[in-house]
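Each structure below is given as structure tokens.
Heads up, the next two complexes both have chain A, just with different partners, chain B and then chain C.
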Partner chain A sequence: MKNDAFSGFHPVVNFIFFVAALGMTMFIQQPVYLLISFISGCAYLLYLQGKKGFFRQVGYLVPILIMMAIMNPVFNHEGITVLWYLPNDNPITLEAICFGLASAVMMGASIVWFNCCNTVFTSDKIIYLFGRVIPALSLLISMTLRFVPRFKNFLQSVVRTQQAMHKPENTKERFQQALAAFSATVSWAMEQSIVSADSMKSRGYGGLGRTAFSIYVFEKRDGITLVLLAVLCAGAAIPHLFGLMRWIYYPSLSGELFGPVQIMAYFCYGGMCNLPLIINKMEDRKWNALRSKI
Partner chain B sequence: MERFKIQNLTFTYPEQEVAVLRDVSMELHPGDFAVLAGPSGCGKSTMLRQLKTVLAPHGKKEGAILFNGIPLEEVDNRTQSAKIGFVLQDPDSQIVTDKVWHELAFGLESLGVDNTAIRGRVAEMASFFGIQTWFHRSVTQLSGGQKQLLNLASIMVLQPDVLILDEPTSQLDPIAATDFLQTLGRINRELGTTILICEHRLEDVIPMASRLLILDKGELIADDTPVGTFEVLRNRKHPMLHSMPTPMQIWSILNWNTPCPMTVSDGRNQLTDWAEEHTLTQTPERPAMQPENAPVIALEEVWFRYEKDTPDILKSVSMKAYPGELLCILGGNGTGKSTMLSVLSGVRKPYRGKMTCKAKKVTALPQNPQMLLVKKNVREELLSVFPGKKLHEVADRIGEMVALCRLEDLLDRHPFDLSGGEQQRTALTKVLLQNPEVLLLDEPTKGVDNDFKITFAQILKELTARGVCIIMVSHDVEFCAQYADRCGLFFDGGIVTIDAPQPFFAGKSFYTTAANRMARHLLPNAVTPEDVIVACGGEVPKRELPKRPDKIDIEPPEERNPQKLPLWRKILGAISGTAFFGLLMYTSRALDLSALYQGGNFMGQYGWLYVVMLLSFGIFAACISRKSSVREQRMMKGKLSTRTKIMLLLSLLLIPLTIWAGLKWGGGRKYMLISFAIIFETMLPFFLIFEGRKPQARELVILSVLSALAIGGRAVFFAMPGFKPVAAMVILTGVAFGAEAGFMVGAMTMFCSNVLFGQGPWTPWQMFAMGIMGLLAGVLFRKGILHRDRFSLSVFGGLVTFLIYGGVMNPASVLMYQANPDWQMILTAYITGVPADAIHALATVMFLWFLSEPMLEKLDRVKVKYGLIEK
Partner chain C sequence: MKRIVKVIVLVLVLSMLVGCGKSNTAQVADTNGDGKLTCTLEVRCDMLLEKLDQMTREKAALVPENGVLLETAQVEFDSGDSVFDVFRKVLREEKIHFEYVDASAYDSVYIEGIGNLYEYDCGPQSGWMYSVNGVYPGLGCSTYTLADGDVIVFNYTCDLGADLGADYEK
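Moving on to the complex of A and B:
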């Protein structure tokens, strides 16, 4: 993974950005918006994961999306522009094809954004954000995340130990061995849990007025970014709220795509979706400038 | 004033007659470094735990404990948390959070210290301990030694007056242990913190200690400076003498008139002085064992690495091991010793080189014996080695091994109630019952006290006498010097030297015993304390173990007789079962899928048949499920708590409201909006109420452990896609810990597994579906509808997985991605989802069938033993 400058911003900034990007992708059906979101999401994921990681994470999507785009016109016969008829006399319409494509792009974009979010918005940021509002639950998450790799290691070594004693010869034996290993892990984990609870109590857990420590500091640049994000969001969302971005698929494709207001809104939306990339580019340039001075 | 003053403390565990601690009185002064020692089971841990109220075990207590002059019971919890630091034995289970920085701050957070102050204190302690380089890491990336240092540091940030440590180094390798103890010494010297430590690595702590206390059978028999205490032990001829540092042992047996030497260099100087006036007899060379037979297992230039792109772990290892020998392999951490054992055991295959093995059976005893302990008592544990065999067929064999490993008094105990050494022997017995010709041991003496080592060595000796070849990987230089037939040094992926103990250790300067380091300038061949003593003309006192019987009679374990089903239920069950399967076959054939796409009524005239089918299934399930036993019924008595009722009611009220609002204002994506909102509304009350009642530590731990087990459990079944124990675990949680716990574990499991495997719009739906399954299990169990036997649970599990999980997730996929979902789409989603749902349901059924009984037993044990959640 590349050193992503946006990840270094305060978790609140990260969180609001992803809520905005995902929310607008999922709730606004305007085709240009969807395209902007899809392309920016892909570009950011490509930046974060590199080519290899990108295709590994979203490669499986391509066939699903194509399927979605094809399935809609096959089953949905709304719309007035009939292109041709299926053998069972059902019509294939242009509107249904467009709608299928839009749905596919919407799904693709939201999944790509979720992938970006998983890379940037790590578990400690989740715990930090929730730690204030729901401290017990966020501790629960933190502890679960701590125990998972530990139990997995134990489980795998139990399996190895069992294999050293007796190599399973068929699926039935393999399943039985896996069950026995799981059972042993449960016993062990239960006993361990008591020590963990003791260790928590011993350090004063359960007293009143627990605070939530974090290593994150809200800097000036976080504030500036947040304001910028809010402005761009408003620029993209307000026209939608006023119905200016209205786009209808059925019965016929209608709505204004490229009026002056719409183009303004596209710029705002594009700016918002590409904010992390812009920040990264600015950071890169700063570094290059610094280096050339030396 | 004394930090701690203990006056005539007597303590008895519940339902026991003999007191664990008897009339113990002691004082701990500021700046003391006190070491508490004693044979295993003498009450050391019990005594340490008395010094902090939250850790003190239940039982009858007499006498007084004063902390800074105030009775401990009157010192509030907050002060105790901050001022009395406690480090426990296992480095891993003490760590609660997943990041180093968070763990360091945990205690201060609990005390309600503000962010700025925490930052300062954490920074300071991280620097003192040299943690800053791994401050941002996940705790999983740390080594055992680092973990224990982190535990120490996360207590030191609270700035305690007293630090109490219960065998903190028993799970560490020697280098990490020395490092840890050095840090402890520094804390004592530089920060003036009072330390009370219980430790069996006396060689390292005694030179630092200002006081040494000996506890024996619950009585404090000595409390003095180390030298003073040693005098007491010597006068009493106490067995603890053998655990003392080698120079002290040699000094005491030879009766030198010099001050007692506590370190190797003191001992070395005194020996030099003594040798100037006396003559030493050179230690005779012990004849090395001559192998009579061909090697039973051998490696020839073996290379191994885990992945194609990772570095080699084993680099041209060659070794031979003969029948009837104890071969010890020493070497540092991470050099590949354990990997070599796994190659020898056949689990890993070398990519170059040859392994020859003539043994019929090679078995390995894992480093952590708990990996082999599954059952509820030792007897069943041993019987489980022979699945499907009757007791009388195997009783002789088990009896013989029980006698060999001296388990006769432990047969009815729960394996996890045993001490480390006893668990070790139980696991060893299990391994030996497989009749191995080659036995592989991975650090068997780690964390085990001296008495256990002697017993253990005796067992090994008897095994080698029978011709078993034992290969043991160890850090324990003293043990290997004393008992090995040959020793090898492992370094950088290969065995560097291999020789009989005497020549092996005589040539080393670091990897050698304390006795050799003390005497090697005069007696190059002396390796054990006995060698030095004999060379100086002293006499070694003999220690003999009590004789053991040849065989123990094994009694059969208690049989559980399940209640017989009455005849009418059997008959009714058979009829309804047949009806169900018949209808299932019929309807699945008659189902016209193509009608679905034409918009027709695909269920057609068969609709009513489905109703009959489900009904007959219900009757079938009700007929053959058994009532739970009396004890279980008492546990499940009681009604639904008002809390649960309010939650259910609230969510029911909010949902129609949301739908109405969503339809009115939702706009283009109203379906998704509404469904999202509903999901959140149903889950929110659970979370808020959980949050509102401030769950205690044990509840949090149990819930997170169960969630983590459900997620981690996937790892073992990775070969079987779709087979996940998640649903089964959630259902069992609901049954064992109640509806609310079931919901929390269900929802948290899905949330955290998505943190690890990737969040998506599906997260809330998955949380909701799993949560409801747990909730339902809990509610139905409480109501007495769902029984605690594996049949009812499996049936229930299969049904809810198919109907609820599938029922939520299939329409969810439509609602998530379709702007104008209609019933047809949802139906299509259901139909296409059937195969996946069926596999999921089948997996849940299988898990519950095989796991529900042992698992509920285990959960009950935790509940009963520690009084967790909803008493």
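Moving on to the complex of A and C:
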């Protein structure tokens, strides 16, 4: 993972950014908005994870999204532009294809943004932000989120150890080994939960007057970013709230795509979605400039 | 493993064949003695004309001014044909959009929309119904076998048929 400057900002900034990006991706079905969100999300994830990590994390999505785009016109036949007919006389319409594509892009964009969010918005930030408001829940969330990769890693190491001891020769043996590894991992996980409960108790969890250590300071740059984020967010959301970004898929594709207001809104939305990337680029440039002077 | 998959596929295919293998062999009499079986088909949506304000702008634009989607058409049909057989043949020929689903629980098809006017487009109790000779049969349109000289009208209701005079309470 690359050194991400946006991760170093105050957790509030991170949180608000991801809420805005995810919320607008999921609730605005305008095709240009979806494309902007999808492309910027991919660009940011590519920056965060590098090429290899990016494809490992979202590569499996490609066939699923293609399936989604194909399935919609097969089962949904609304729309005035009939392209051809299925053997059972139900029509395949252009509108249904477009809607299928749009929902696939929306799904992809949301998953990509969630991946970015997981990388940037780590569990210590969750605890820091929500530890006071909802202490039990935020601890639970961060422990649960942590549990999945831990479980996966342990399972992998058990499997590797087993294979080093005895390479399975046929399907039956492989199956048995996998089962044994899984059962070992489950019992390890149960043991771990008891151990961590004991550990928490002995450290005084639940007692009064506990404090939490955190190194987050709300700096001037966080304030500036927050204001910028708010302005861009308003520029993208307010036209939508006033119905100017209205886009209808059924019964016919209609709505204004490239009027002056719409283009302005696209710029705001694009700026908002690319804010972390812009910050990173600026930070990189600063770093390089300072280094070359020495 | 492969054998199990094969068996499952075979069972599925067989059950599909059995499901499709129903044929209607009842003979329909030619009552007016012209040697052909004919019926008429009409598709209307009069109820929507007064309720355009309750629909979205895009849907309201699809409602024709006189409420007629398909003018009364004289159709020849084969013995044993259902209302739906005639309906799909004519609407395909006239290039009018429609969408249906197989409602297997009722052993019939259900017409969701005609001309992009769909069920629920004008309130939660709206959708398409059909009458034969002025009577709403309350039967799936692919299970109703036509007789010679039948008059079929598809009409859009906004109130589960009450506004069309199809009262099932009686």
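Going forward, the second predicted complex is superposed on the first by the 216 of 294 C-alpha atoms of A that agree within 3 Å, B and C clash if a C-alpha of one lies under 4 Å from a C-alpha of the other, contacts with A are read in each partner's own complex, and residues count from 1 in each chain.
The working rule: contacts are C-beta pairs under 8 Å (C-beta built on N, C-alpha and C of every residue); 3 or more make two chains touch, one makes a residue touch a chain.
Predicted model, so just to flag it, every value in this text is computed and none were measured.
Asks: Go through the superposed model and pick first if A:Asn288 touches only chain B, second if only chain C, both, or neither.
Replies: So A:Asn288 meets neither chain B nor chain C here.
Asks: Would you check which partner chain A:Ser252 touches, where first means chain B only, second means chain C only, and both and neither mean what they say?
Replies: Second partner only, chain C.
Asks: Look at A:Val82 in the shared chain and tell me whether it touches chain B only, chain C only, both, or neither; answer first, second, both or neither.
Replies: A:Val82 sits against chain C, while chain B stays out of touch.
Asks: Who wins on chain A residues touched, chain B or chain C?
Replies: Comparing touch counts on chain A for chain B and chain C gives B.
Asks: May I ask you to decide whether A:Val159 touches chain B, chain C, both, or neither, giving the answer as first, second, both or neither?
Replies: So A:Val159 only meets chain B here.
Asks: Name the residues of chain A shared by its contacts with chain B and its contacts with chain C.
Replies: Touching chain B in the first complex and chain C in the second, no residue of chain A appears in both lists.
Asks: Would you mind writing out the residues of chain C in touch with chain A in their complex?
Replies: Residues of chain C touching chain A: 56, 58-59, 62, 88, 92, 95, 97-100, 113, 116, 118.
Asks: Using the touch definition from the top, list the residues of chain A that touch chain C in their complex.
Replies: 77-80, 82, 85, 89-91, 93, 248, 250-252, 254
Asks: Note which residues of chain A are touching chain B in the complex, please.
Replies: Residue positions touching the partner: 26-29, 68, 75, 88, 99, 103, 106-107, 110-111, 114-115, 117-118, 123-124, 126-127, 134-137, 139-152, 154-161, 163-165, 167, 174-175, 178-215.
Asks: Residue numbers of chain B touching chain A in their complex, please.
Replies: Against chain A, the touching part of chain B is residues 52, 54-55, 77-78, 81-82, 86, 88, 90, 92-99, 101-102, 105-115, 118-119, 122, 136, 138-140, 151, 154-155, 158, 342, 345-347, 362-364, 366, 368, 370-374, 415-416, 431, 434, 440, 597-598, 667-669, 672-673, 687, 690-691, 694-698, 700-705, 707-709, 711-713, 715-717, 719-720, 725, 744, 748-749, 751-752, 755-756, 758-761, 816-819, 824-825, 828, 846-847, 850-851, 854-855, 858-859, 861-862, 866.
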